[in-house]
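For clarity, chains are labelled A, B, C, D and E in written order, and residue numbers in each chain start from 1.
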């Protein structure tokens, strides 16, 4: 199991995302930083003291949405600190720490377009990122039923946003925190707005290997303590409500009520439980 | 028929031909010989404009080869040429090799071209090979086909560039025999070759080249009798001994 | 290790839809074939012309062809794909640019084919050039000597042999184009790699997904290889021995 | 047009150190994979040409298999599956180096095979006729000629390899393209970064292809 | 010195050599001739084991060539061979060409090998070319270097496979002269050639091959006087006319 492995090798491998702004990304010096990285560092500290290690080498392994799950299951990554949605299908393969962030799937549009709801998107191109399920969510939503979306795919969020920016798409459907990050760093942040119905509520969590109760227990404790002591609110404010590297932009993204509520009683319930109709 | 007047040619700095002049009248057979690299191939390629030259002029049957206004493809279609390495078109059957020039250049009908091609093939003794491909024939056979291909265009004169030097010794004669026959029929021919037996038999004149110059331009009798230049004497002795 | 295998995944329904994962892969396979084959036709045409021009005696034409080749082969395909999709339309007049971005039918497909076709054309052109130059100069001379014009000489004498000679390297290029078409996912063509990413994201059965996709790509390359071998056999010139012994 | 009026090159400056390390990794990967690939490829080529049928068959299979699968898939397989089988995880960079060496060896082996076959048969006879053994003939006579004949092709393949290294994005190793992409994303300036990186690739590859031309005339064997 | 006993060889189904037997005693010069494809090159390559044969045996200087236990490289190092296309090593200078066999095979020191190489180069009249590369020499010069390279190994006999047939006519003699000299010094030689002048001058015996058979094996006088087989007569007439 993970703790034994860490103990014997003297090192732990953190899976990081390189551009999941501001949860986990790289600064100019290529060091991973972000809200989840900070939380993971706490977990690493806890591992260190639990195992009574003087030194613990922390490796950073960049992961992508394609390889993060295999990398965790095959043992390359011990602790994935990215922006992974906790859902039932994934729980077949891996386990999750208690949810530390909640995102709502909504859409970004150019203000000038006047679009405010799904119902206005009929026949119009809508951008979404390959490998995400936003289009299915739109179709599944009650207001989206029967509307003919013309989906276009970017290979990553930056590309998808570029589609919106260059008028290839009139809307970009994605997690709202990511949208907010893309908008503040865009050339003309004032041109864009996040609008429309919430298509899905997604709990985002740190990912670990399945069937590893000891490590799971340790991770759970760390996060519960953070939540209880209110420290997690400070971390949240540091990354979402203040200027952050590399350009010093401020996301101005207040904590959602959902997350506040959740942090009172941390859990690793999958997305499906939030979106029951 | 062919007039070569003061032709000079350079490859970059290197002068391949220096002030070459000679004339070939209708029905003449002229053999060109000389050491390797002396410019024989270059000269013969200038005659039908396959190589450009920088000075002088060449007139073939009244048409100036160097003139930019000359329709070179048309001129070349009337001047047959046979190469050292046969240069049959390897992806076409023998018949197709003989037909393509006639149909695409002379505009003959396919049937007419085929008939003429087969007749010539018969003449060089290869009628039975009509449907084979060049790679399936021996060198000597290929060269005979190449001669037939040139003849199919009804040329007014023929140029040969060492037609036998890539052949096995046994096959040289089958090609030379065809050439001798052609000469005897009165074809105007300019032949680069080292086969002095052939020269002795049918040449009217022999031209000896060295370092891009025409060193000797004499009747056969004069040439084999008393070649004037030392270089030519030396060359002949080397070629003819053993 | 503790990977949860599920080979039945292909027949399961996708999360939000009626179709199965297998349907996704089949759609993807179809688009991969469409992109690769269309781009191949384009690459052969452009590559044939550009490669021929590189051997032309006219300096200007040869220079143009050289620029073409250098431009398209010195930038990674992925980057070119992006440039064609996002940058080039912005250089056009606004109306045209908007039309391309919003109303042009199958715009991702067209862009992908254009990009992949041009990229491959540079490689094909190099091979055509090598093929033409590998023929003895005497062949060109012989063509001209029976009165062909230079274009006729190319058409009837040089190119038919050059193309036969370069069939082996063209085979590799043909196999490559299927593999390279995977880059089209970057601009949202719904081809195999795209569907694989979609499926692995949706089903979380990455290894099964990639294995299936690898097999499909392998089949493409294999069929391409056999197809070219067949053409090679059919076009083989009797008695002609290729340059290598 | 406003699109390019807003072309924001200022983001390139702060990203340069980042991109530089990416470039270094790309170069390192290219050099190692080229060296290893040529050595292994030469051995494979010799195996394919050897009269020992099973050896030749095995080499042929290896080469054909590698050439039939997209590099992207090979990279993923090595990275994901091998640790799953061996139980020992492998870092992204080591994995990339091993994968590229093994993959490129298949391509280099085809080139070396053509190179060996381009040396006239008579050269083998000539070597053997003065009493050289098979190994001596290969080492002193055939391979040096094959290598020189094929140097331009080997280098052209290396240029392709250099471009293909961009595919390591799939396993999270940071090469030139990936570094530029990350920088582009963190600043949300993908277009500027792609144009910049296209320029960098072009300059490097073009310079290399000129070098190939130059070498071709310098090192070619006078025949 | 060389004994060839009932040698037969097949390429797949195709029989190239059928039951060939002959003997060459020390100091003899034997010329092998015959039409193209008759198996001359194959036979001569069997002598030093460059080609394997399936039946019969060949004994060179007491060593059986076909025996799997024979150290072929060692045997070959004592049998000089000269090829139609010279086969100098194009990536090495002339000196290196002469040195490599001596150092790598015979284990001589570099200085010794160089000295011996230069001496032989001088003997074939090419001392001044020592630092050039093969591609910078004419065909005749290359072939003379090839002979020197073979001699550098101190061979007990020499095999020549059409040493002059890839040469320009002018250069044939410079090579034949070296070979004549060698023959006169008493070297055992087996020479495939069509140069009948050479055969007349120095051969002790002439072997005529056709379709893989040794058809004629006679002294020079017999061969040129009254060749017995019709095929040989025909061949001679073809080669010698013109």
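Quick note on the criterion: contacts are C-beta pairs under 8 Å (C-beta built on N, C-alpha and C of every residue); 3 or more make two chains touch, one makes a residue touch a chain.
Every value quoted in this text rests on a predicted model; they were computed, and no experiment measured them.
Trainee: Chains shared as neighbours by chain A and chain D?
Mentor: For chain A paired with chain D, the chains in contact with each are C, in label order.
Trainee: Identify the chain pair with more contacting C-beta pairs: C-D or D-E.
Mentor: Of C-D and D-E, it is C-D that has more C-beta pairs in contact.
Trainee: Measuring between Cα centroids, what's the chain most distant from chain B?
Mentor: Between chain B and the rest, the longest centre separation is with A.
Trainee: So how far apart, in whole Å, are chain B and chain C when each is placed at the average of its C-alpha atoms?
Mentor: Comparing mean C-alpha positions, chain C is 46 Å from chain B.
Trainee: Taking each chain's centre as the mean of its CA atoms, how far is chain A from chain E in angstrom?
Mentor: That gives a centre separation of 80 Å.
Trainee: Suppose each chain is reduced to the average of its Cα coordinates; what separation in Å results between chain B and chain E?
Mentor: 35
Trainee: For chain D, give me the residues that contact two or more of the other chains.
Mentor: Where chain D meets two or more other chains at a single residue, that happens at 3, 76, 80, 84, 87, 120, 190-191.
Trainee: Residues touching two or more other chains, restricted to chain C: which are they?
Mentor: In chain C, 1, 3, 82, 86, 90, 206-207 touch at least two other chains.
Trainee: Which chain A residues sit where two or more other chains touch them?
Mentor: 66-67, 70, 73-75, 159, 162, 166
Trainee: Could you please write down every pair of chains that are in touch?
Mentor: A-C, A-D, B-C, B-E, C-D, D-E
Trainee: Within the complex, which stretch of chain C touches chain D?
Mentor: Result: residues 1, 3, 70-71, 73-80, 82-83, 86-87, 90-91, 94, 172, 175, 178-180, 182, 193, 206-207, 210, 213-214, 217-218, 221-222, 225, 244-245 of chain C touch chain D.
Trainee: Would you pull the chain D residues touching chain A in the complex into a rising list?
Mentor: 3, 6, 8, 14-15, 17-18, 21, 76, 79-80, 83-84, 87-92, 169-174, 178, 181-182, 184-188, 190-191
Trainee: Going by the contact rule at the top, pick out the chain D residues touching chain E in the complex.
Mentor: Residues 120, 122-123, 125-133, 136, 140-141, 144-145, 148, 221-223 of chain D touch chain E in their complex.
Trainee: In the complex formed with chain C, which residues of chain B make contact?
Mentor: Answer in residue numbers: 45, 48, 50, 72-74, 76-81, 83-85, 87-91, 100-101, 104-106, 132-137, 149-150, 153.
Trainee: Please name which positions on chain A make contact with chain D in the complex.
Mentor: Residues of chain A touching chain D: 13, 18-19, 21, 25-30, 59, 61-64, 66-67, 70-71, 73-76, 156-159, 161-162, 166, 181-182, 185-187, 246-247.
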